[in-house]
Amino acid sequence: MEFHIKDPGLAEKGRLRIEWAAMDMPVLARIREEFARERPLSGIRIGACLHVTTETANLALTLKAGGASVALCASNPLSTQDDVAAALVAEGIPVFAIRGEDRETYYAHIKAVLDTRPHLTMDDGADLISTLHAERPEQAAEVLAGTEETTTGVIRLRAMARDGALRYPVIAVNDALTKHLFDNRYGTGQSTIDGILRATNRLLAGSIFVVAGYGWCGRGLALRARGMGARVIVTEVDPLKALEAVMDGFEVMPMEEAAERGDFFCTVTGDLAVIRKEHFLRMKDGAIVANSGHFNVELDLEGLREISERVRRIRDHVEEYTLKNGRRIYVLAEGRLVNLAAAEGHPSAVMDMSFANQALCCAWLVKHASELEKKVYPVPEEIDRRVAEMKLNAMGIRIDRLTPEQEKYLSSWEMGT
Amino acid sequence: MEFHIKDPGLAEKGRLRIEWAAMDMPVLARIREEFARERPLSGIRIGACLHVTTETANLALTLKAGGASVALCASNPLSTQDDVAAALVAEGIPVFAIRGEDRETYYAHIKAVLDTRPHLTMDDGADLISTLHAERPEQAAEVLAGTEETTTGVIRLRAMARDGALRYPVIAVNDALTKHLFDNRYGTGQSTIDGILRATNRLLAGSIFVVAGYGWCGRGLALRARGMGARVIVTEVDPLKALEAVMDGFEVMPMEEAAERGDFFCTVTGDLAVIRKEHFLRMKDGAIVANSGHFNVELDLEGLREISERVRRIRDHVEEYTLKNGRRIYVLAEGRLVNLAAAEGHPSAVMDMSFANQALCCAWLVKHASELEKKVYPVPEEIDRRVAEMKLNAMGIRIDRLTPEQEKYLSSWEMGT
Amino acid sequence: MEFHIKDPGLAEKGRLRIEWAAMDMPVLARIREEFARERPLSGIRIGACLHVTTETANLALTLKAGGASVALCASNPLSTQDDVAAALVAEGIPVFAIRGEDRETYYAHIKAVLDTRPHLTMDDGADLISTLHAERPEQAAEVLAGTEETTTGVIRLRAMARDGALRYPVIAVNDALTKHLFDNRYGTGQSTIDGILRATNRLLAGSIFVVAGYGWCGRGLALRARGMGARVIVTEVDPLKALEAVMDGFEVMPMEEAAERGDFFCTVTGDLAVIRKEHFLRMKDGAIVANSGHFNVELDLEGLREISERVRRIRDHVEEYTLKNGRRIYVLAEGRLVNLAAAEGHPSAVMDMSFANQALCCAWLVKHASELEKKVYPVPEEIDRRVAEMKLNAMGIRIDRLTPEQEKYLSSWEMGT
Amino acid sequence: MEFHIKDPGLAEKGRLRIEWAAMDMPVLARIREEFARERPLSGIRIGACLHVTTETANLALTLKAGGASVALCASNPLSTQDDVAAALVAEGIPVFAIRGEDRETYYAHIKAVLDTRPHLTMDDGADLISTLHAERPEQAAEVLAGTEETTTGVIRLRAMARDGALRYPVIAVNDALTKHLFDNRYGTGQSTIDGILRATNRLLAGSIFVVAGYGWCGRGLALRARGMGARVIVTEVDPLKALEAVMDGFEVMPMEEAAERGDFFCTVTGDLAVIRKEHFLRMKDGAIVANSGHFNVELDLEGLREISERVRRIRDHVEEYTLKNGRRIYVLAEGRLVNLAAAEGHPSAVMDMSFANQALCCAWLVKHASELEKKVYPVPEEIDRRVAEMKLNAMGIRIDRLTPEQEKYLSSWEMGT
């Protein structure tokens, strides 16, 4: 078995941590049992490009239990947990990922996964599928379908489909309600706060925290920052979301103005250059700046470097930029996803639902891919609903059921005032 | 001019209160100025069946400024503000509505509006359009289109369209983001708390507050009840919404269990018999029960009466049911919309957006109705966005704009990690 | 029996409302049962100057059950509930209070109570005890002791004691933890929001709400305003409290700046002229201004009138001041306690604790007054603790007890790291 | 210079981290400038037993700037940051502290500090002063006074004073409002959540979080746990605090019941054996248990071991206890202060205020110790107030001042209704 990881000796530490994550992933555990019985992925090769974390390990082991051969590379050069990679290799799953790998190695690893000639691709940010389309178009014919985990990737894939460039169907796992309503909101919310605290140990209570973007990630983050006692300012480009932020009790203003007030800044927009030179120039001495959007393009660090006189690392994950105006700005995790780089990414409990969707979608695609067009599809509603039911069940929570009379009422239109 | 109201002498009081509402409806005010200049509704007869409140009055005056003839009846027998009805009549708008009117009068008033042979119908709960379809099908041919304000009505209309029974196109104003995200959430949230406090003057802090339904209204109400210091329990039938409620930090359980714990109960489901005999029997002595869903069907009051030994009014809007088991249950506003019956309904600021959508949709329908099928349509996206922009503007809030580089990035798929 | 009330015919309505309050006053109910058995106030005349509300009625009935003769006048000319006054008279308790009475009648009523020659005085704002000291100093010798309900009154009495002017001992009921931690915080918080909503029906979500003063009342109000979705600004004169407000996530600034930003303003400081001419002049068109501090001195309304061109009532409890600069300012309830004037004052559940302290203090004073000096005393700790225990008990809440080992640990100093 | 630290080579890393902390300690920075000018501690030897963190380093450097000779040992064997110890030694301050030192070394280090014959002792938990009293009573005569940082220590010292055992005056820095209202509430709140997240990476949203103790630490922690989306249960022994927790919207119950429900447990009581065998036996599989009280006595880990079949470390700072009943319980940081052991303790911004009090109290004691008795004293009010003013100032926040008319009103008692 070929693989490329940092140190196979880390396997035992990784194994324990994967076990720790498993304890908080009861839905995936139940699917794994079912897969082991029914083997719905028998004979299927899956190429996965995901953050190499303890939760991903549990997904990979679930897919394997279902009969698949899985090969795994990283979807971000900084997010690999080397002990997890080692543990997966020890379980017979080829991994190509080393924390902090350079760009060249990163793409070499993607190609190593493509070399396994997958029937299904699984992406978190669309780098695997993009590379396949750009450099191995001939392989597309072998692929039944793909899945994509994240908003950013879905945006890219929709653009490809619109341009007629997409060569096989893809399920936007991100769009499952049990994925983005939970992972983006509660997962990103908590893990971003966690990353910022680990990186800085600064007090949030009484501080001014600027959140750029009020999508699901942004509102999760705003809620948690407020929950920790910060005063939150939101910046947006969409008037509807801006208005929701106002009604939720947040202050809304352009980044230009927010720049002068914030103690903390965090971008979660999915767009590039959200905080730029002109904003950095207005910030207070000591401002702390991070990104929790998928790609490290949201902060214009090149622009920041141009207006700086000195850059030094003052603490793990904290770079101090001393501007020519004398003020100091602190950038966390080099502008990469602060929740993965400085903390451990989403907690297992939310990844449980995201990855339950991934696993069930793989099984569904094996049966249904041939019926699909070369487009981006939503997660089938019954999968989404089933994941929610399994999660409530695992938490020991019961809910009401509609009575027959209630069902009838909802579908009728003749009952009056 | 024909009309039917309680007392024309209340006009001056109504006029002042309409003015008071107008101060917090800046978007509608701007549309009114625009309408007065451009007269987009010239020659159009509008039949409106809405809660007769100060906000509705401002909508009616806006439509009139646009050139329309408006006739108004109530969408709920208990929600009419008689002084507002009087003030509208004084302004030359025929109103058919008296607070507390009986069922017969209620429908007579609806028919009086239909007698004006409207080109556009405007509903809040679909009673006007239902009556027209049931009793005056021949008039349908004269109607260009309709609008519907509320979730409950939209459910009825969709069912009609599905059955091929709908005779003209309708815009679901409720589905505008600037409507349901604001009106249902922030409007219902606040006004329901307001209604419960006015009716009871009970302390919410430290109490247990059961919210049935976690749609937009339910989450607005849950948020505000918690904001007032209550411990909130949510009941749901949809596993996804139930899971969201859990993750939002609420306790979730079936009504059967919640019944034993709650101090306050409020239904906001859009369905019938949500709290039934078997639930009332389990409640604590002194439990307070209300409904804030559109129709007064959510509480099974007939069932409650059957298990009661005595019913008396103990306070305005509060009926005491003494059960055969000796416990006392307090029902607010006879199970009708507690926010309208015991308080004043949604604050003007949210109705501003709902009614801005109504007004702009009317103007849009005059131009485009002929291109539409006999279906339920969403509010055109540009109207929704424009309302949001106008509201932010009125609040003095500026937001960011995408740079050309950012727009390009969002629509491209080739920029990598 | 002498009395002076508006209309004895309102007694039945009042009786029902007193019963309604009683249901949420279980601690007082238990004390009433105990008093009826033990008659600790036998032969004692009590003169009470309190807000004449349903809760006060329950206190009066409890004192009467304990054997006392009680005479009651109002502690604020606007807060009397005339139906409650009637119901008390029907129960044989002389009341001297009419809602909206003028200054002269107000003091005449105080004197009517003094005419009953009380052994104990009970105040809410110290008007009864002040009048006795100023105009009937000779009666002081007959008085065993007094109690005082509110912060403002305690400040006055402490000043009197400091000057050697106090002629008998007084218990500062306000200082009981079970009083001010609950009544001031949760009671004032909720009832002030309630009063503002009833008076205005304005949307709090997305608004800017300025709270002047961050004592217990202020923090209760700030918490609730935020809980309703407002963005809260706090003004303070004490740096410690200001810093707490900052750390609690509120914006803190001088009134001068806050004046330009607020949509709502509410004073809860206990001091005078907190919002003055220079502040009114900076307010936005449409600003809403209220007071929830004890006396109507916190808003400088005389100053406001001087800079206004027109004053009119636009809605119950809402006066519109049109300034010479063209902007309109809306003053609620003429600057009197907005929670009592526009709503119903504190909910029964908090008054339950305040008045349980009052009742138990009366019984305690009958036994112990002779041992006291002419000073202001705190509520005896055992009473405070007992009230808390009774309240938890009534709510069905159990708590832990220290083990003997834990008690020992807490009092030792030799157990090490 | 004598010292005992892990590795002098860590000095540069420590220096940068101390600099990082200094940026968020502006009050201490200003005192340091003042001290450097005025040298109020000239010739004074200070023995300090504190957590050896970056914030303590800044305090030590401030005292040194004021002219003092400072010797430092750890107040907890697990909380020392070895790089900080190295950096202080490099600055000429003798440190005796090694992270993870055993009990014997811990006390040897305390004695090494006593060997420097301090004029002032500075404690965090009273171990230095206890050792001095127990083993070097003769040295007490050389000591002018002491200070104590924490609740737990103050309880011990008060017990000593009550028994007549205290040999010199001590200032309870913990009791400064600018200390305990901020440090205990906002500091412990955030850093405990931080420690639990670093140790576990578990999702708080939707979980049940049990907080034992509702003192300042407990309410800070409860607030933050709720702010992160958890449902919070509080346990208490004091009925007043229990009632406050209820009114704050938390569920209150005995630990016996809470044990069955919680996903997370954290003790902050200052007492011992708060979670005991009988509680562990009722917990759910997977329960996570931590302590954030000063001493590691709050969890009865010996009891837990007795009912366990296996103990293993599953993750840094996480010990898995498999009970004989098959369930697994996870204990964080071996029951020691989770915020210091698994995270970095209080953020600098709160320690800024605590340590500003410490520094100013040292200077004050040098002047005033001779006037004091052998008792526990509060921080002088003017110091407390000055720290608050300096902090607001450093944050750029201005507040109101009383007008002369307002001051007069507050001290008068003759102005009426």
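Note that the chains are named A, B, C and D in the order they appear, and that numbering of residues resets to 1 at the start of each chain.
The working rule: a contact is a pair of C-beta atoms (placed from the backbone, for glycine too) under 8 Å apart; a residue touches a chain by one contact, two chains touch by 3 or more.
Protein identities per chain, from UniProt: A, B, C, D = Adenosylhomocysteinase.
Since we're looking at a predicted model, the values are computed, not measured.
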Checklist outcome for this item: Hop count on the shortest chain-contact route linking chain B and chain D comes to 1
Item to check | Selected pair, greater C-beta contact count between A-B and A-D | outcome: A-B
Next on the checklist: What's the distance between the Cα centroids of chain A and chain C, rounded to whole Å?
Outcome noted: 53
Next on the checklist: Please tell me the distance, in whole Å, between the geometric centres of chain A and chain B computed from their C-alpha atoms.
Outcome noted: 38
Checklist entry - What are the residues of chain B that contact at least two other chains? => result 186, 205-206, 226, 229, 246-247, 395
Checklist outcome for this item: Seen from chain C, its contact residues with chain B in the complex are 16-17, 19-20, 23-24, 186-187, 189-190, 193-194, 197-198, 201-206, 223-224, 226-229, 286, 314-315, 318, 328, 343-344, 347-350, 395
Item to check | chain C - residues contacting chain A, complex | outcome: 205-206, 226, 229-231, 246-251
Next on the checklist: Per the contact definition, I'd like the list of chain A residues that touch chain B in the complex.
Outcome noted: 76-77, 106, 125-127, 130, 155-157, 159-160, 163, 165, 177-178, 181-182, 185-186, 235-240, 242-244, 246-247, 252-255, 257, 270-274, 295, 297, 384-385, 388-389, 391-392, 395, 397-403, 405-406, 409-417
